[in-house]
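Some structures are shown below for you to check.
What follows is a pair of complexes built around subunit A, which joins subunit B in one and subunit C in the other.
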Partner chain A sequence: MNSFVDQLLVLVFLMNFIVLGTSRINIAIKVVAMQGMALGLVPALLHQFTLHLGLISAGMIAVKGFIIPWLLGRAIQSVGIKREDQPFLGYVPIMLIGAVATAFAFSFAEQLPLAPQHKGLLFVPAAIATLMTGCLMLVSRKKAISQVTGYLIMENGIFIFGLLLTEAMPVMVEAGALLDLLVGIFVMGIIINQISKEFSSIDTSRLTTLKE
Partner chain B sequence: MISLLIFIPVLGAVAAWLLRDNGQRPLILPVIATLHLIITLMLLVTTPPAALNGWILLDPLGKLVLLGVSILFLCLAVYSIGYLAYRKERSNRVLCMGLLLCLGAMSLVCVAQHLGLLWVAIETTTLTMAPLVYFNRNARSIEATWKYMMICSVGIALALLGLYFLAYATVVARLEPTLLLQPLVASAKALSPAWLNGAFIFLLVGFGTKIGLAPLHTWKPDAYGEAPGLVGALLAGGLVNCGFLGSCRIYQICSAAGSAGFCNAALMALGIISMIFAAVFVLKQADFKRLLAYSSVEHVGFMVIGLGFGKGAIYGTLFHLFNNGLTKGVLFLTAANIHRSYNSKRAENVRGVIDRLPWSGWLFMASLFAITGSPPFAPFLSEFMILENIFTGGSISLGFVIITLFAVIFIGMASTILPILTGRAGADNQDSGYRDGLLTVGPPVAMLILMTILGFWIPEPLRQILADATRLLTAAGGAP
Partner chain C sequence: MTAVNTIIHLLLAITLPPLLLGVINRTKAVFAGRCGAPLLQPYYDIIRLWRKGSVFSPVTSWIFKAAPVITMATTAVAALLMPLGNHPAPLAFNGDMLLFAYLFALSRFFTVAAALDTGSCFEGLGGPREAAYSCLAEPALFFSFIVLARISSSFSLSGMLNDFPLTVWFGSGAALLLMVGALFIILLAENCRIPFDDPNTHLELTMVHEVMVLDHSGAGFAAIMYAAALKLFLLGSLFVHITVPFRSGNFLLDWLAFVAAMLLLAVVIGMVESTMARLKLTRIPQLLIAASILAAFAMLLVLRQPS
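Now for the complex of A and B:
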C-alpha cells in the first residue's frame, strides 16, 4: 500500500511543475484540483480504514476536487480570462526556481529532526516543495485567479505535512479548516468578480490606488 | 452556558438574514450584544468547569479578551443603528450578519482550549470581516478587501503549519499527540525544542499577520482606511485582541517549556520593527483613518514587546490589550463621524471639526491624547506599567527607544489631527449635512468614560482577572 502512496506523492511533485509551467488558467485549476484529490486519498490508504479517516478523505476529495474547481471555473468564466499573459517572472525561470526549491526541499528534509518512523519518507520534502511552489505562484503571477491557485497549492503543501499527524488532528478541526478554506475561496471568487467589474481586468498589478 | 456565547450571535445572524426590512434589521445587533454582555458578566462571576473533553474552558486570559470584545461590540451595535440610518440606500443584511457571526467566532476564540479549534475560530473571524471591509463597494474598498483577504489567508495558513509543527513536537517526543492547551503546557518541558521553536515562529508570523505586526502589516492601513468606521473599530479592537490571544496561547507553552529566551527575542524584534514602521509612516500620513491603522501597528508592536519582556511587564501588557481595544473603538467611531460630515478623510479637506461637530471633535481630541498615552486615561496607566518594568528590569536603552518612538508618533498624529479639529470650516470643505446625534456619539462617549475611570481605578474583579491571566503567562504558574 505504501508504494502507492509514494507514487501519489511523486505525482504531487510533478503537478507542482505543471502548474508553474502553464499559462492556461483552467489547466492550473484542474491540476490543483487533481493534486487535492490525490492528497485526499492518502489518509484512507495510509492507515487502516476508520470512520474518521474516511470522512477526511471524502471531505477533501469533495471540496478540493469538485467544489473549489467549480467555484473557480465559474469565476474565470464570468470574467472571461483564459491565460496568464504577463507574469512578473517568465515560465522558464520560474520552473528552474521550482526545480532548485524541490532539490532544496529534499536536502532540508534530511536535516530536520524527524521522528524515526518518518525518516526517509517523501512526505516532508513533498510538503516543503509544494509549499514553496505555492509561494512562487503567489509572488510571480499577476492575475488574481492565479494567486488563488497559488494559495491553494500552499494549503496542499501544509496538508501534506498534516498527513504525518492524521491521528492527532480531530475530525472536527479538519472539517472546520476545510470549511474555512471553502468559504475563503468562495469569498475570493466574489472579490475577483468585483475586481473585474471595477477595473475591467483582474491584474492585481493595477491595484495600486492605496499605495503609500 | 458558554455555548450561548456562540449560539446567540449565530441565531442573531440567522434572524438578520431572514428579516427583510432594512430599517429594522440593525435593531437585532444591540439586542444580541446586550444578551452577550449579560452572559459574559454572568460567566465572569461563576465560571463553569471545562467542557467537551477540555476543549472549551473560559480561563482568565479568555475572560479578559471576552470582556473587552463584548463591551466594544455593544457600543458598536448601538452606533450601527445611528450609522446605518445614514446608509438606507444600501442593504445592510451582509453587514449585520457578518458582525454577528464575527461576534460568535470571537467568543469561540476566547473559550477555545484546543489550538486547532482556536485556529478555525480565528480564521472564521477573518472571513466574516472580508465582506464588511467591502461595504462601500468602490474601487478603493475592493482593493483593500483583496489585500486583506490574500495576506491574512496566507498568514493564517502559515499559522496552521505552525500548529502542525507543535503537534509534531509531541510526536518526536513520543508523547500522545495532542493540541489541547493543558496537556501541552503540562508536558512542555518534554517537547522537542527544535519543533517547538519552529512552531512558535510560524504561529508568530501567522497571528502576527492577523494582528498587523510590521512587516506583515501591509493590508492594515488599506483595510482600516476603506472599511466603515465601525468595521475598523471591530478590526482594531476585537480581531487584534483575538489574534493577540492566539499568540499568548503559544507563548504559554513556550514559557512553560523554558524556551522563553528565544521567543522573547523574536517578539521584541518584531515589536520594535513595528513601532519603527509606525513612527515612519505616521509622520507623512495625511489620511486620518490610515493614521489610526499605523497607531494600531504601533500598539500591537508595543504589546508584543511587553509580552516578550515578560515578568512584571505582562500585567501591564494585558491591561494595555484591554485599553487599546476600547480606545481604538472611540477613535474609529469619531473618525467615521468626521468622515461622514466632510465626505473626506484627507487632512487637507477637513477643517474646524470642533466648530461643526463639537462632540466628535472633542472626543477625537481626547481619544488622541488617550491613545498616545497621556494621563488621566487608562492607556497611560498601562503604558506606564510596562515602561516602568522595562526600566527597572535593566533595559534602559530599550526603554528610551520606546519613549522616543512614542514621542515621534505623538507628534506625527497630533500634527495631522489637531489642525483638522481647530479653526473654522471654509467654503472648500464639503458638508454632507451630518451632525452628531445621540446614537453616533453616545457609544464612543461611554467607552471614553470607561477609559477615564480605569485610568484612576481598576475594579477588584478586573484586577483579579489581570493577575490570574498574568500567572498563566509566566513560567512559574504555567506548569502545574
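Now for the complex of A and C:
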C-alpha cells in the first residue's frame, strides 16, 4: 500500500515539472487540479478508513479537483488569455532551477530532525520540493493567474507536510484550510477580473508603475 | 550454445535493422490511408545505392570519404556490445556502456565533420544542430545508465539488461517509468525521428540529420543509411530490454519474443510519427532537458532506495 502512495508522490513531483515547463495556463490549471486530486487520495490510502479521513479526502478532491479549476477556468475565460507569453525567467532555466530545488529538497530532508517513523519517507522531500515549485511559479511568472496556480501548488506542498500528521489533524482544521483556500481563490478570481478591467491586462509587473 | 547465440546475435544485427525502418514507414502509410512501400524497401534502397558509383566534390578532403566508413564501423562495434534477446553480448566488460555511448559520439563527430568539410552553408546548419541536440541528450542517457547500474549492480550492458527481472518493476516502478520515458525521448532524438527531425524531408531548414548527409552518394551513402538503421535497432533494443522483461528460459522463444518486441516498437514509433507534428526548433532543447530531468529524478529515487 505504501509503495502505491510513493508512486502517487512521484506523480506529484512530475506534475511540478509540467507546471513549471508549460506556457499554457489551461494545462497548468488542469495539472494542479490533478495534483490536488492525487494528494486527496493519499490520506485514504495511508490509514485505515474512517469517516473523518473519508471526509477529508472527498472534500480535497471536490474542492481542489473540481471547484477551484472551474473558478479559475471561468476567470481565464472572462479575461481571455491562453498563455503566459513572457515570464521573468524562461521555461528551460526555470525547469532546471526546479530540478536543482528538487535535488536540494531530497538532501535537506535527510538533514531534518524528523520522528524516526518519518525518516526515509518520500513525503518530506515531496513537500519541500512542491513548496519550492510554488515559490518559483510565484516569482517567475508575470500573469496574475499563473501566480494563483503557484499559490495552489504551495498549498499542496503544505498539505503533503500535513499528511505526516493526519492522525493528529482534526477534520475541522482541514475543513477550515480548504475553506480558506476556496475563498482565497474566489477572491483572486474577482481581483484578476478587476485588474484586467482597469488595466486591460493582467500583467502584474505593470502594477508597479501605478501612480496616485 | 554460446556460439549459436553469438551467431544469431550477429545475424539479427546484420539483417534486421532495415526491416524496422520498413515497418515504421508502413505504419505511417497505413495511418495516412496509403498502402505504402514494400516492407523490404530499405533493403532495396541500400542495395541500389551500394551498386552505384560515388561522386566526391573536389573541395572535400579525406574526412568526407572516411566519415561513412567510420560511422559504419563504430556502429557495428556498438552492435557487439549491446545484448540482444535474453543473451549476453559477444563483447562484454566493465564499463562497456561508456564505450557504447561514445562510439555513437565518435560516429556523430565524423558525420558532423564531413558535413562541415563540404563547405555547404546548408550542411553547416545541420551539423551544429546535431551536435547541440546530442549534447543535451547525453546526460539523459547517462542518468539512465546510472539507474540501471544501481538496480542491477553491474557495470556492463550485458549485466544490466540481461535477466532484467520483472520484480524490479514492482519494487521501483515509478523510477523505471520515468527512465523509460526519458529513454524513449532519447531514442527518438538520437535517431532523428519525428518530434525532433523529419526523416522524409530533404529540403527543409528544420531538418538535422538528413541535411548533413546530402552530399554523400553511392556506397558511402548506403553505409550511412545502414548505420542509421543499426543505431535505431541498438537503442531500440536497449528500450525493449527494459519495457518487455519477458524471459521464458527457452532460448529460441526468447529470440522470437525479442524480434516481435522490436517490430512492435517500430510500430509504436510509426504511430508516434503519424500522430505528432515536428516540434518547433526552439522547443526541442526544452524536451531534451525535460528528458534529462526525468532521468535525473529517476536516479535520485533509485539512489535513496536501500538496495
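Things to note:
Definition applied: the second predicted complex is superposed on the first by the 208 of 212 C-alpha atoms of A that agree within 3 Å, B and C clash if a C-alpha of one lies under 4 Å from a C-alpha of the other, contacts with A are read in each partner's own complex, and residues count from 1 in each chain.
Here is the rule we use: a contact is a pair of C-beta atoms (placed from the backbone, for glycine too) under 8 Å apart; a residue touches a chain by one contact, two chains touch by 3 or more.
All figures in this text were calculated on a predicted structure; none of them were measured in a lab.
Contacts of A:V10 after superposition: subunit C is touched, whereas subunit B is not reached.
Within the superposed three-chain model, A:G21 lies in touch with subunit C and out of touch with subunit B [touch as defined at top]. In the superposition on chain A, the chain among subunit B and subunit C reaching more residues of subunit A is B.
By the touch criterion defined above, A:A99 reaches subunit C but does not reach subunit B. By the touch criterion stated above, A:F161 is placed in contact with subunit B alone, subunit C being left untouched. Contacts of A:Y91 after superposition on the shared chain: subunit C is touched, whereas subunit B is not. Those residues of subunit B that touch subunit A in the shared complex are 114, 116-117, 119-120, 123-124, 127, 130-131, 134, 137-140, 142-147, 149-150, 153-154, 157-158, 160-161, 164, 167-168, 170-172, 174, 177-179, 192, 194-195, 221-222, 225-226, 281. Within the complex, the subunit A residues that touch subunit C are 3, 6-7, 10-11, 13-14, 17, 21, 91-92, 95-96, 98-99, 102-103, 106, 120.
Looking at the complex, you find that subunit C touches subunit A at residues 170-171, 173-175, 178, 285-286, 289-290, 293-294, 296-297, 300-301, 304. Across the complex, subunit A meets subunit B through its residues 112-115, 131, 138, 144, 147, 151, 154-155, 158, 161-162, 164-165, 167-170, 172-173, 176-177, 180, 183-184, 187-188, 191, 194-195, 198-199, 204, 207, 209-210, 212.
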